[in-house]
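Every chain is named by a letter (A, B, C and D) in the order it is written, and numbering of its residues begins at 1.
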Amino acid sequence: MRAFRFEALRLPPEAAAMRAKVREFLRTERARGGYASHRTSWSTFDPEFSRRAGAAGFIGLTWSPDYGGHGRSNLERFVVNEEMLAAGAPAGAHWIADRQSGPQIAKHGSERAKRLILPRIAAGECYFGIGMSEPDSGSDLAAVRTRADKVEGGWVINGAKIWTSNAHRVHYIIALVRTSPPSADRHAGLSQLIVDMGSPGIEVRPILNLAGAHEFNEVFFKDCFVPDDMLLGEPGAGWNSVTGELAYERSGPDRFMSDIRVLVELIDHVGGEPDERQAVEIGRLVAHFATLRRMSTSIAGLLERGESPVTEAALVKDVGTAFERELPEVARRLVPVEPSPDDQGNLFSEAMAHVTLQAPSFTIRGGTPEILRGMIARGLGLR
Amino acid sequence: MSMPHAAHEMSAIMLDQADRLFQQFITKDALSAADRGIWPDALWAAVEEAGLPLALVPEEAGGVGLGVGDAALLIRRSAYHTAPVPLAETILANALWAEAGGAPVAGPVTLAPTNARDTLTLAPAADGRRTLAGAAHRVPWGAQAGHALVLARDEAGAARLCLVPGGAAASTALRNLANEPRDTLAFDGVAVPEAMIRPAPDRLAGSLMAQGAALRTQQMAGAMERCLDYALLYANERVQFGRPIAKFQAIQHMLAIAAGHLAAATAAADSLIEAAGTPGFAFAAAIAKSRAGEAAGQMAAICHQVHAAMGFTREHPLHFATRRLWSWRDEFGAEAFWQAQIGRLVCANGGEALWTTITGEAAE
Amino acid sequence: MRAFRFEALRLPPEAAAMRAKVREFLRTERARGGYASHRTSWSTFDPEFSRRAGAAGFIGLTWSPDYGGHGRSNLERFVVNEEMLAAGAPAGAHWIADRQSGPQIAKHGSERAKRLILPRIAAGECYFGIGMSEPDSGSDLAAVRTRADKVEGGWVINGAKIWTSNAHRVHYIIALVRTSPPSADRHAGLSQLIVDMGSPGIEVRPILNLAGAHEFNEVFFKDCFVPDDMLLGEPGAGWNSVTGELAYERSGPDRFMSDIRVLVELIDHVGGEPDERQAVEIGRLVAHFATLRRMSTSIAGLLERGESPVTEAALVKDVGTAFERELPEVARRLVPVEPSPDDQGNLFSEAMAHVTLQAPSFTIRGGTPEILRGMIARGLGLR
Amino acid sequence: MSMPHAAHEMSAIMLDQADRLFQQFITKDALSAADRGIWPDALWAAVEEAGLPLALVPEEAGGVGLGVGDAALLIRRSAYHTAPVPLAETILANALWAEAGGAPVAGPVTLAPTNARDTLTLAPAADGRRTLAGAAHRVPWGAQAGHALVLARDEAGAARLCLVPGGAAASTALRNLANEPRDTLAFDGVAVPEAMIRPAPDRLAGSLMAQGAALRTQQMAGAMERCLDYALLYANERVQFGRPIAKFQAIQHMLAIAAGHLAAATAAADSLIEAAGTPGFAFAAAIAKSRAGEAAGQMAAICHQVHAAMGFTREHPLHFATRRLWSWRDEFGAEAFWQAQIGRLVCANGGEALWTTITGEAAE
């Protein structure tokens, strides 16, 4: 086996400058009461925050200025992301558009799509959802049944998507649809379409999550028309761009920093003189966190160089998810707490309540452990 | 339990009836309403009609006179159905009050204090009544219960049980992760007539912690069984990549591990039945609560993983069980609280005494 | 699902009496320097110890006095076993014969086999090994290729077994052999033969374990004759008795007490005033141990009543193995130790050295976790 | 590492040569002999011939002048091959001694002390020499090494490095779990000429612990890679139930988890390369040793489980790697030792400072 390499990434000076800039922005945001870190995260949907982040130039960093971007490196983008996560910023409105949809459009979109959409994403005004899963497919994306039929000037979609985050409040979703009938190659005949959520023929039904919050949706399409220039890439090539997209999103710091505020609140709750148990266990969590960040930065460097470390990215997600899952479980062993959503003023208790109810979702998004481990096993030559 | 065959039969019938009652009244709508803070009148009326709150009160004191084992299984079943009422607390409160010589009361009865940090005191008598001082946090259904059974120290340091009517103490509303009420009750200045004050049974050793831990252990065993049932059902029904996910080795292994946790929690809960009333009860409760609490967290995690996105919805009832597990494992002392007590005891006794502690000889 | 039941087992008075008796025996053994608990376990082969245990009446407890047994209950036997384990007694010479081979012979053996063998086992003078695995079968016992052909008056064995503990120093092994050719029913045509290790046609080759100790062996059979009355049960019925045997051995306390001396030494090493970390983690281990013992005693009660709790037994083994594996890992986090086989006088270091090198075997014997979890999954209705 | 392209090429050639050397001399027989305490003469001669012990000594001081990154990879490769010699210790000792102004010596050089409990002191000078006091435990190849580089405090409390010839201190033999010599050296009364005493480089901050932890981290990353290689090979070759066990989902998942541990350990080891020579080195070493140590234990457990009985034999070489992992994770401070230091530091700084600690800004 070729050993994994997580070479040091020395962030360039412009990344340090960007870090200072985003920190100043976030400091101002917190000072103005824009958000409370222990209660928010990158999945908190806050259009006001996103608009200010866009205005300050923190969205669409890597895209060409021709499309409203800022022509910056992936490493500067990485720094902005990790600072947002570390600060618990409520970046949920623009996160998917910035991380995933925008880059896909920049790479595979038509000129009109790029001109129409990218500048608005970068301004923090235009949000995206993901339309991959279906009621009968789940992890098995190749089982997609929603279909788009070719018509004059575009495509007509019929079918349904499920688990689409924020479908009720985003402007677009990118839907994975079948554009030719199933064949022996299960992965052939799939395409990605940018669907304007204001189009006729779309119905959105909420799915409340276990905490009672409305994040997910079912999306039903009935003869929903999408113009030709909203197709991403070539018809039938959707599988490759979807799997590429997943690889890309897997190694980001959002894969192990979702609940990092629990660690921050834990440290403050424990105070400056931890007992041996608290010191050892907090030290262990910090060692895990520091190492994950190291892995993630290395991969950012590889991506910047144009490499595509698929197995390493899946490893970051798998190891990162385990860390996210374990963090609140360790925390509750170090400090007695009966988490309550109503425990105003006890930041640790509130953070624990929030995270305990969110934790089941950590293993779902971006590929279940089963899928990820299967990918890793393939990378190891086991399948 | 070593019980006569006939009693075993009777108990099976009684549990079966209770099961049907729970099934009938604990509908998804009822659970959702309770989640929004609405007291389930119909359920509680049926529970009271069936005499369940008096399960452990002796027949001669007007109760049902169940054995400890049957009462434990009853509580487990109520938790299997995620009954959104303080039935476990009421059964225990009525039993303790009856044991102290009091007459059982109707309606839900809660308990205070429920954690090791709260201490309540009873001022000396004046005018045939005494006043309480101190606050109790996280009291189950503190504001809604008809009565609270309060353990307080009197001026001589003796532990007394006081039966205080609902509403007597000022309450501040709080919920646990399952949205079960866990209110703060401020008892300062609450007057209690002498008739409502009785010496606490010696076996409490001045604390409700071990008794409360035992309740939560039985409840966790019940709710864990429900979680596993949901997961087995889902795994056999849900098709991915052309076959039920139950056929995937990874899912089978996860569920086998979950079954191990259920087995351990059940064994821990069962051990409390025989320890009831013995000097080893507090130690057994420490073992059982900490072992079952650890298992509860693992069970919830595995079952959510098996259910994937479906289990993360409000629609699927899994969360009624898992949110209770996440709450109950922390109540009446989380794992670390009890483990520290166990650890200090066995270390004080030295390595060679470990084995007789495990066989139960040391505690007797 | 029907919930698992681990009903309380109130040990009968005669079990308490037996406990007192075996404790007295073990106290005497230790006092005379018969063994050092921190270095020995139920897999330590010590014929002297076994002979004295036999003479004192602690072997073959449940068998009929007609065959040298003591006519005691399974619960008394259970108590003797757990006391041996708790004391770290070097019971490895007679353990398999007493736990597994003897009961099989008592149940399925011929009258001559019973008269010839059982009294010697009970006397602590006759030891057994297990001949199940083969080089190409491993966990897949149905793949057995060693074959026994019928001849006048008996059977002739050809083939090889592997991983046979103590084959070089036991008197007999019970070999699982194919007595009719493979058919559609993979489990048909297998039989169990009691093989006298003194017979011609047997070659034993040592396999050193990773600590360099000689415990395992390969056993080669070349035209090795076994008389008819050394067949266990009916020809071809071997599969059922093997799987029954495995179920029987799975729930015993030897499945979670192999390294319990580490916990004893840890407690002594920590001393009477543990810090918070030591108290919590030791408390956790004790809670696990106490619960496992509870599960195991319950199953002993069910077995005594003639029930056959296969799934519950597999659960005890699976949960028990996890405990055995975790114990030394937790211990080394509580007390700094660099385990060394030479660290005379530091009982904790010596125990840790012994157990760290033995730990990989905990998951192998009695069925790997894969096999066990498959059995549990079957019990849960998943396959 | 950010290194010029050409240097990267050269390093690849050098590593490749070292790899071949290790492959040639570290045969199974050589490993078995070393396991029985026999010093591998031929291997060491070849190692010395190739200049490997002087890897980190600058060229102008007569060494090879490798970069820290190359030396780290070299040590990782030596551990991949489970080289039964103190090459890592010798590389470090020579580098430190050269840095302190000393001339490199031939032969294996060990280090003392190797744990936080041992303290060695240096008495005031007399007759142009000083005497050492104190004992060092678990000194790698303490009795066999040609020299020991000893860190001792002088009468003013300053840290000094002393190069002491082998045999000067009385030794007591001990082995770790891999049967590597870990001897006790009693330095009391050992005389050291002034010329063999030099001020310890400031960057040691008076301790060899962080440097030693860094060595063991590199070694663990190398040996973990070997373990995983063995397991992948075995899984693809071993047939059970009619197919290679690599095709079973449970095996695939175990090995994927193992790969995650290797990835984490490798990232931790790589992080030490850039931290070398910076003020953040000790903190980075604490992170890396504890993270890699945890991964090492998991890796060993998983690979043994995949190998089942085969991996439990002396015959299969897996144990040469796993016994080293079990030993190395405890040496120069086990996980808990370093974690406690990390935990105390981040708690003292408060929650909001955590992030700048992680990004490395706090330490610089």
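What we mean here is this: a residue touches a chain if its C-beta (ideal position, glycine included) is under 8 Å from a C-beta of that chain, and two chains touch if they have at least 3 such contacts.
The structure presented is a predicted model; accordingly, all values stated were derived computationally and were not measured.
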{"item": "A-D or A-B, whichever has more C-beta pairs in contact", "value": "A-D"}
{"item": "Whole-Å gap separating subunit C and subunit D, where each centre is the average of the chain's CA atoms", "value": "40"}
{"item": "Where subunit A and subunit C are represented by their mean Cα positions, the distance between them in whole Å", "value": "51"}
{"item": "Residues within subunit D bordering two or more other chains", "value": "248-251, 253, 335-336"}
{"item": "Numbers and ranges of subunit A residues touching at least 2 other chains", "value": "276, 280, 333, 369-370, 373"}
{"item": "Chain contact topology (line, ring, star, complete or other)", "value": "complete"}
{"item": "Subunit D-touching residues of subunit A, taken from the complex the two chains share", "value": "1, 3-8, 10, 19, 86, 263-268, 270-274, 276, 278-284, 286-295, 298, 311-312, 315-316, 318-319, 322, 369-370, 372-374, 376-377, 379-383"}
{"item": "Residues of subunit A touching subunit B in the complex", "value": "133, 136-140, 143, 162-163, 207-210, 212, 216, 325, 329, 332-334, 336-343, 353, 356-357, 359-361, 363-364, 368-370, 373"}
{"item": "Complex interface listing, subunit D residues touching subunit A", "value": "1-2, 221, 225, 228-229, 232, 235-236, 246-247, 249, 251-253, 255-257, 259-260, 262-264, 266-268, 270-271, 273-274, 286-288, 290-291, 294, 335-336, 338-344, 346-348, 350-352, 354-355, 357-359"}
{"item": "Interfacial residue positions of subunit A with respect to subunit C in the complex", "value": "275-277, 280, 333"}
{"item": "Residue numbers on subunit B that touch subunit A, as the complex places them", "value": "35, 115, 138, 173-177, 182, 238-241, 248, 250-251, 297, 301, 304-305, 308-309, 311-315, 318-319, 322-323, 326-327, 330-331, 334-337"}
